[in-house]
C-alpha cells in the first residue's frame, strides 16, 4: 500500500464563538480568536490517499485528478470566503481547525472512494505553529 | 553600515473594495479579494533597520527591543483584527499589501529614529506568492 | 479521534560524549558532535496530542493552554541553555535528540493527561536533515 | 521504540510514459509529465528508521553512517541522472514517485537491517505539492 | 516607489555543455551538470516589479494580471520542458541560471513596461543552495 | 552584472558578554544570550558574489568552487565550534551576528577577488526571526 499526499491552500476569514455566550464568555474560551470583526489565515491543506500502485501506470492516482477534485469540492468553496458565513458545508459548525478537518473528511471520503482508492488523512496547517490532522 | 531584520507575523481579515463602486465594478478590479464577507491571511512582516555596529556590544540594536517596539505599535493592533474596520492607523486606507507596507513605514520610521538607527525597509509576505517591499 | 500539533522552538548548546571514554574514543562514536567546547542548534519541537473534539467549543484543547504548558515545563528550561549542564530533567542523560524526545515525553505525558487528553508524539528537528520522533 | 529520519536530496530528469502506447495515449494518462524531451525535479528524500535507543550512546544509529549508506547506495546513483535511462536499479520501472519510493525501499531495507535497525518509511517530495510515502 | 514580487515555479530538464568541447572538457567545467542524459530541477522564479501605488486602487498592479503575463510568456514555455531543446527563446543559450535570468528579463522587460510599471529584478532559485538574481 | 548566492550552514555555540562587566550588567545588555554555559544556533550563511557572466560557460563562477572556498575558509572553522573560544579569526570579537557577518566579509573579500569576481554581501540567519546582512 502506498500513501500519496496533495497539498492545496486557501485564504479565509473566520471567528470562533458560541452564539449562546456573551462576548466575555467567548473571550474566556477562544481569546482573540473570538474578536468581533473576524480575522483570517492562509490555510494549508494536505489530503493523503492510499491504495495499491497501478502496475501499468506506476500511479496510485493521477495527482492532477485528485487536485481537481479537491479544488472543485473544497478549495473553491473555502478560498477567499468567510468560514462562518459563506460555506454551505460548514453551516452550524464552529470553524476551528478540528471541525474543518472533519468536515473536509466527510465531504471528500465518499468522492475519493469513487476513484477506487481510500482517504487516509486530512491535515490543516492554520499557522506554522498550529496543525490538526484527522484520520476518520 | 549593517542591516538587521526582524521577522514578526500577524493574522488578519480584510477586503479590497472602493466604496463608491458597485460590487461588480469592485470585482472587476479586485477579483475575489473584494468578496463581501471578508477573507484573511497569515501576514509575515520583515522590518529591516540599518546603522553602525556599537563597538562595545557588537549590536546594531538589541533585537528584543526592536521586537517589542514592532509588537506594541504594529502587531498588537493588526493581529486577529479586521484591517478595514479595527485599526486606527489604517483608517480610510484600502488594505492592500502596498498600502500596509507604507502605513507601517510611516508609523515605525520616527520611532526607530528615536532608537538612534534608521529604518531601511518594510516587507510584507501576504501569501508565499505575493510579496511587497517599501524603502520609504 | 483528532490529532493536534503545537510547534515550539529553543536554542541550546550541547556536546555528545561519554565520560568514561577518551576524547579519541568519543570522537570515533560521535564525531565533531563531541567537540570539547560545545556547539549548538535551533531545535524545533513538535508536540502532538490526541483525543475527542469538544462538541461545544470545537476544540480538542485550546492550543494557547497547550503552548503555555510546553513553554513553562520544557522550553523555558531548554532555551538558551547548555543541555549537558543546565537542565535538571536532563541530568545524567547524553543529550542526543533521541534522549531529548524521550525525556520531554516523560515530563509532558502526565501533565497532558491532567488536561483530559493524551500525548501522541514528541518530534524534534535538530537540523533540517536530522529528525527524531517518539510515540511513548 | 524511536523513529529517526534523515533527509537527503537529488536532482534528476525523468519522463512518464508507457512504451506500448502512442504519444497521445501517454498524454491522456500522464499529461505534460510525458513530454518527449524529459523534464526534471529537485527530489527530497526522507528515510525513516526505527529501533531501540542504545543506552550507552543515546543514539538509535549514528546519522552520519545512515547518511553515508543512503548517499552511496541511492543518492549517488540518482543525483544528476536521468531516472529512465541511467539507473540500474530503476530499469524497466516507470519512474513515478510511487515506484521510486518502492524501489528505494527494496534497495535500502536489507542494508538497514544489517545495521541492526529497521526501515520504517521512504518519503519522496517531488514538488512541494506532491508527496509519496511507503511503509513496506 | 513600491516593489512587488510574484513567485512562480516550473520543473524542467537541462544539461550544461559546450558543443565544441569533449565530454571530458565539459565535465571539467560543469561537473555532473554536464551528464549526458540530462538532469532537472524544480525552479522557483521571483519577478519583482516597481512603480507608484495607484491612489485609487492601492495596487501597484493587480498581481493576478502579472501572474498571467509571467505564466503565458515564461512558465508555460519552460514548465515540463527540456531547456536545451524545447524553448525557442533559449535557443543557442547554455541554460545556466545566470543565462536563464537574463533571457527571462529580456523577454519580460518590454511587456512589463507596457503595463505602465517597470521590471526591477528576476531571481531564480535552482536549488535551495544556488540562487541567481539579475537587475538588468 | 549578475548576482549569484550560495547558501551554506553551520551549527555553533556562543555566548554574548563583555568581559569587563558583571553577570548582571551583561544580562541587562544581552539578556539570556549572556547565559553562563553557552547556547547555540543552526546558522544559515548566504554569500552573494557579483560580476559579468562568462560568455563561454554561461557562469559567473562555478558554484562548486565558491562552495569549496566558503567551506574551507569559513564553515569548517565555525561548524560544531564554540564561536567565543575555538575560532582564530573571531578572536577578541563578541560573536553577535553583526560581528560574524563583518568577520566573514573581511575573510572572504580578498579571496573572492582572487577568483576574478566581487563579494556583494554576507547574510546570516541566526534564527528565522533574526537576520543580519553586510555589504562591506
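Should a chain be cited, it is by its letter among A, B, C, D, E and F, assigned in written order, with residues numbered from 1 in that chain.
Convention: contacts are C-beta pairs under 8 Å (C-beta built on N, C-alpha and C of every residue); 3 or more make two chains touch, one makes a residue touch a chain.
Not measured: the values here are computed from a predicted model.
Asks: Quick check on chain D against chain E: do more than half of the interface residue numbers occur in both copies, making it same, or fewer, making it different?
Replies: Since more than half of the residue numbers are used by both chains, the interface counts as same.
Asks: Using the average of all C-alpha atoms in each chain as its centre, how far is it in Å between chain A and chain C?
Replies: Centre-to-centre distance between chain A and chain C: 29 Å.
Asks: How many Å are there between the centre of chain A and the centre of chain F, using C-alpha atoms for each centre?
Replies: Distance between chain centres: 42 Å.
Asks: Using the average of all C-alpha atoms in each chain as its centre, how far is it in Å between chain B and chain C?
Replies: Those two chain centres are 34 Å apart.
Asks: Two or more other chains touching the same residue: where does that happen in chain B?
Replies: 128
Asks: Per the touch rule above, enumerate the chain pairs that touch, sorted by label.
Replies: Result of the pairwise touch check is A-B, A-C, A-D, B-E, B-F, C-D, C-F, D-E, E-F.
Asks: Once bound in the complex, which stretches of chain D touch chain C?
Replies: Contacts found on chain D: 1-8, 46, 53, 56-60, 62-64, 67.
Asks: For chain A, which residues count as touching chain C in their complex?
Replies: 16, 18, 29-31, 93-99, 101-102, 128-135
Asks: Where on chain C does chain F make contact in their complex?
Replies: 9, 11-14, 32-33, 35, 37-42, 79-82, 85-86, 127-128
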